[in-house]
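Lettered A, B, C, D, E and F in written order, each chain numbered from 1.
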Amino acid sequence: MGEIGIAQVVLMGLITVFVVLICLIIIIKLMGAIMSKAAPATPAEAVPAAAPAPAAAPVATGNKQQMVAAIAVAIAEEMGTDVSHIRIHSIKRV
Amino acid sequence: MEAIVNFLKSTGFYLVSENPLSLIMLVVACVLLYLAIVKKFEPMLLLPIAFGMLLTNLPGAGIYHAELFEGGHVHWEMFASGVPLANGGTEAVGLIDVLYLGVKLGVYPCLIFVGVGCMTDFGPLIANPKSLLLGAAAQLGIFVTYIGATLLGFTPEQASSIGIIGGADGPTAIFVTSKLAPELLGPIAVAAYSYMALVPVIQPPIMKALTTKKERMIQMKQLREVSKTEKILFPIVVTIFVSLMLPSAASLIGALMLGNLMRESGVVERLNKTAQNELMNTVTIFLGISVGATATAANFLNVQTLSILALGVIAFGFGTAGGVLLAKFMNLFLKDKINPLIGSAGVSAVPMAARVSQVVGQKENPRNFLLMHAMGPNVAGVIGSAVAAGVFLALFGS
Amino acid sequence: MEAIVNFLKSTGFYLVSENPLSLIMLVVACVLLYLAIVKKFEPMLLLPIAFGMLLTNLPGAGIYHAELFEGGHVHWEMFASGVPLANGGTEAVGLIDVLYLGVKLGVYPCLIFVGVGCMTDFGPLIANPKSLLLGAAAQLGIFVTYIGATLLGFTPEQASSIGIIGGADGPTAIFVTSKLAPELLGPIAVAAYSYMALVPVIQPPIMKALTTKKERMIQMKQLREVSKTEKILFPIVVTIFVSLMLPSAASLIGALMLGNLMRESGVVERLNKTAQNELMNTVTIFLGISVGATATAANFLNVQTLSILALGVIAFGFGTAGGVLLAKFMNLFLKDKINPLIGSAGVSAVPMAARVSQVVGQKENPRNFLLMHAMGPNVAGVIGSAVAAGVFLALFGS
Amino acid sequence: MGEIGIAQVVLMGLITVFVVLICLIIIIKLMGAIMSKAAPATPAEAVPAAAPAPAAAPVATGNKQQMVAAIAVAIAEEMGTDVSHIRIHSIKRV
Amino acid sequence: MGEIGIAQVVLMGLITVFVVLICLIIIIKLMGAIMSKAAPATPAEAVPAAAPAPAAAPVATGNKQQMVAAIAVAIAEEMGTDVSHIRIHSIKRV
Amino acid sequence: MEAIVNFLKSTGFYLVSENPLSLIMLVVACVLLYLAIVKKFEPMLLLPIAFGMLLTNLPGAGIYHAELFEGGHVHWEMFASGVPLANGGTEAVGLIDVLYLGVKLGVYPCLIFVGVGCMTDFGPLIANPKSLLLGAAAQLGIFVTYIGATLLGFTPEQASSIGIIGGADGPTAIFVTSKLAPELLGPIAVAAYSYMALVPVIQPPIMKALTTKKERMIQMKQLREVSKTEKILFPIVVTIFVSLMLPSAASLIGALMLGNLMRESGVVERLNKTAQNELMNTVTIFLGISVGATATAANFLNVQTLSILALGVIAFGFGTAGGVLLAKFMNLFLKDKINPLIGSAGVSAVPMAARVSQVVGQKENPRNFLLMHAMGPNVAGVIGSAVAAGVFLALFGS
């Protein structure tokens, strides 16, 4: 782009950064406004991307409460540690 | 007998006598290893960088050949037939020659950004979009440094790459530098990652100097909860909007937001995990040793490097100041005051800078929990630096 | 002032005004993201494909340059020196340009097939080899679609690639298309993965229309147990035999069976795990965004794409019918009747189609467990499609 | 291969697919026949590629308390180290 | 390097290998000497790279027996499967 | 009709009739698969090698084309435009053509060495540096084999590559061979990994023949504890010193020590894990099938291969003897006697050879625990072989 002064670069840079980020503010606010109208906010915390808790539910039968707790904790934390894909196929009483 | 002499002449000890500066570079590499291992300065990158620097400065080892990438081009024919030597023979390409292709072609920084996106929660930013202003203001350091570097005689391309150090985002700095001033990759990467590690040392004095005790004690309202839908839409909307505003920022923003979408969508958990773990780790190793390998004695041991190290501090300092001062300025108009300490987090250096805000804030007011509030400007700073990088690439990119 | 005008002219918003079709492509990409994330249509591939489509259609972003691969060749010199622009300058290659090399050179689909082989249990097929006939019959859709596509004016190479959609195997479809008709990669990949996700919608009506209630209630004998030795010999024998019969199918079959041998041999558990997890995930990300990136407005927004989408449904439909009808035909001769519902699983789309057989069967007879019986034709269909792909590659491959 | 008609392609394709897969049927049956002659079938299910179950047995006996400590340490480390490398540094009586 | 005899190659090779490795011996001994002077040896075993042990504490309380079973199964499978995919097929009362 | 004849002529069965030797190679591949799976001979590498050998010898499959790498160069233009065929057409590059680039450019062996470094504990070597002498003596096999190979008519480059089999380090052997004599990659890799698996068969008779019962019963003093600092300094110091002494060994030593530094530093645990697991597994698969693919009938079925297999045993045997004999010689001067059984571990083949020392020792004296003492020479042997490799590369490298 040929000759371009220091001041021009700095001004153009700062202005661009501010303009782009201010536009993003507006976009986010619009998005939030539409969301809150469209639906009564379902908070992300209540629907986390990976929700290990429900997996415990079917297990929570019988009098094995503590065992269930232990397994659930171990598994849940295990899931937290990156290793992936826990499947409890069945827990049988003998 | 002659064979033995030839053999001795091929040892590194003999070659060192011809190029004693490489010894100094070995010392520099060891100092960086010390900082990485003992002082724990961003070891994930500084350790590979330092080891790459060590390998590249072993005379005769031939693990990296700058000739392969001379003139900004990749010389494929040398990859095929070997690198010509002074004595008329050729030498096969080395390990880092091949790995460096990923830097040269801009692949590694983008892939790392995919991983960063997978690990970043933009929730605090969406909950408090004003954070973006602080993230913008903290880019001040980039442009102040650009001015300084230009005045010191660097070319605009070099000055841009040096300025981006102030973005406090390693991948962004390496991406811009590999495009605009690859000859400075070594010192710029070292400066960027060292100063990121030094954020807890550089920032607090500036933050305290620019704020009153009362300001530092401001408590902020709890952030609203952000819906899953907003978190999913965010990466898509940001990619489209920023890329249309500034196409040259599309690679960095797109990669970051691809990762974030993989995270927030929740439907590609396998891909999300691999991208932020094994893929990112592999690329980090390759990127680190490749970038380190560019730091040959000729490239590193000159007054430019000292200037870059000095300018780097300036970049971090002005970035910190920019964020803090804009927060104070915004408080003139806001009913719910912002604690200006979160402004400094806008330089990114995620999540270190946000933690600094938390620590400094808690020292004044033990019940003050600024961490989540500081995460907003912190991640906004990543976007801000990518935008600033886009401006430089648009102006000076080939 | 002029600088500002230049700058504005370089924004995507200005460029969009010159190429408004890319806006439509952005909408298409967002629709695909919606299908992937909300409707969960094969998100592992559709999400990266859609994001690649989004990135490639951001005007001026330069993340993918079709020129690098024009005329079926890889233009290395442009990788070295940059892509020439209309204004006489050059632009550095982008992220997806590099990633696309893996598609162009046929590496990604094979590596994904290694991972698929690691996850596939051919036991049900070995226990009931008759399944292979159903897997063969379900390839009917491929050839019917080939006829249709040719009549609609597609070249034989394009018609082959479109036909392979009926194989319901993503990697096979992408492998064939990247060799024979790379210009159609975008629409074919989208069609293949979308219809795979729609198998539970497309198949049941056809299955019910072609069978009587009595047929659907047929219960099948339990499968025999398969010895470990048979499972280990299977991949070796299949690789040798199929590759000798049809050398052009060797890449796909060989990759699939290498993975399966790693699984069944039990002696390379580390390799098996990496091949089916991290390696496959990494390649999936790269493959998805590269394939998506070929879907530029020029390539995607034309009547061809609509034809391909229409032909894709035909392919799945006839494949389903072929499997079901051959099962009914076989029942004329067999003492132990086959439930014709497992015939539809022969289109592959592992394991979705087998589950559809199970669900439809259980609706008529709640005590009917067809899943394991349907897995036989299901995995046979993978082999069948690879063989069909081999025929096309033998006939039309350069 | 020059000019080749639609019908030819379709016929050749379908015939090849059927011929190849029918040959595979024969091969598999042959393989099965040889196997069943060679040895009294050792079912795969009985010798799974990865059989972790037995490992549990020795653990479920002996002094419980120390075992708890040992196992707890193992788990904790497992969690801490994310993927592999189980190292028991010490087992203390609780 | 032009003509070079077999004997020369072998001698040069063996000598180089021995010289380099003998030098390494000297270097290691020097390093050890300096270390032992600089500091009263902090053995590596005492400072393991990643020591998450403290996390064990909260686990070592509560109903031991059932927890043992649960955790033992989890660990056993974890060890057997090396990296991922935890599947609890059945849990029996001990 | 003509089409059908053409089609039949393209089948592998027809092509086999023109090149019946490939059938023999298929049998060889199956034998190797048997050794890998049933006999568990180093299956991690032998299984991929054998499968690569199988794929490359399927006539017409076109998965690997030796022409792409003819004359020691990489022919990029063929990667771009396809491989010319006898009939004037071209054939697209195959999967293994692309994967082989990593061997040709020397990347895979180095990356595997990074992983090996991550898994190696040099503690026993640091605790007992005398081990290095045993690790040096065990390289005797390399040079004896070099003499033998030269006398059998091999070129010095080939003889070097064959000799390195005696180093009992797969990556080192493959690295040297890919640089000096790529045409021998197949047989050398097969020999190296087979004999490594056969260490428990080859070594014990030699060890017993060269030692007295009394010597075998020697108990050694427990090793001192090694400080963390020493373990961290070790890889840095070794890299610098060995690379300055012998620059041509820098790639191998540098890669090994980078991995070891990542392990011992303890500050890059994520990188350490990926390097020794997923990265290493991926590279192992790619390396194995690429190396196996070079074993075409023309390259493998000749008297050279038999010579190489014979020379390989000699290499292992003399290496074992060298280590044992030097230990006995050292005992003439030492007060604390060395058990000469640990000398054999100097051939590397980590950790198999060390286990052999332990087993043979315990047979004479059940209370004798030699494993940790044998680990010293064992890991020293890895350094020793890399140094020997460096000598050959310095003398005969292009």
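Everything below uses one rule, namely that contacts are C-beta pairs under 8 Å (C-beta built on N, C-alpha and C of every residue); 3 or more make two chains touch, one makes a residue touch a chain.
Remember, predicted model here, so these are calculated numbers, not experimental data.
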Next item on the list: Specify the chain most distant from chain F by Cα centroid.
Entry: A
Item checked: Chain whose Cα centroid lies at the greatest distance from that of chain E -> C
Check: If you average the CA atoms of chain A and of chain E, how far apart do the two points sit, in angstrom?
Finding: 36
Notebook entry, point to check: When the C-alpha atoms of chain A and chain B are each averaged to a single point, how far apart are the two points in Å?
Noted result: 25
Notebook entry, point to check: Could you state the distance in Å from the CA-based centre of chain B to that of chain F?
Noted result: 38
Check: Residues of chain B that touch two or more other chains: which are they?
Finding: 7, 76, 245-246, 265, 270, 273, 277-278
Check: What residues in chain D touch two or more of the other chains?
Finding: 1, 4, 12, 50, 75, 78-79, 81-84
Item checked: Touch list for chain F against partner chain E, complex -> 123, 125-126, 129-130, 132-133, 135-136, 139-140, 142-143, 146-147, 150, 156, 225-231, 233-234, 237-238, 241-242, 245-246, 263-264, 266, 269, 277, 380, 383-384, 387-388, 390-392, 395-396
Next item on the list: Spell out the residues on chain E that touch chain F in their complex, using ranges where they run on.
Entry: 1, 4, 6, 9-10, 12-14, 16-25, 27-29, 31-32, 35, 39, 41-45, 47, 49-50, 83
Next item on the list: Using the touch rule from the top, collect the residues of chain F that touch chain C in their complex.
Entry: 7, 10-13, 15-16, 26, 30, 33, 36-37, 40, 43-44, 47-48, 51, 54-55, 58-63, 76-77, 79-82, 89-95, 97-99, 277-278, 281-282, 284-285, 289
Check: Which chain F residues qualify as touching chain B in the complex?
Finding: 73-76, 105-107, 110, 114, 179, 232, 236, 239-240, 243-248, 250-251, 254-255, 258, 261-262, 265, 267-268, 270-271, 273-275, 277-279, 394, 397-398
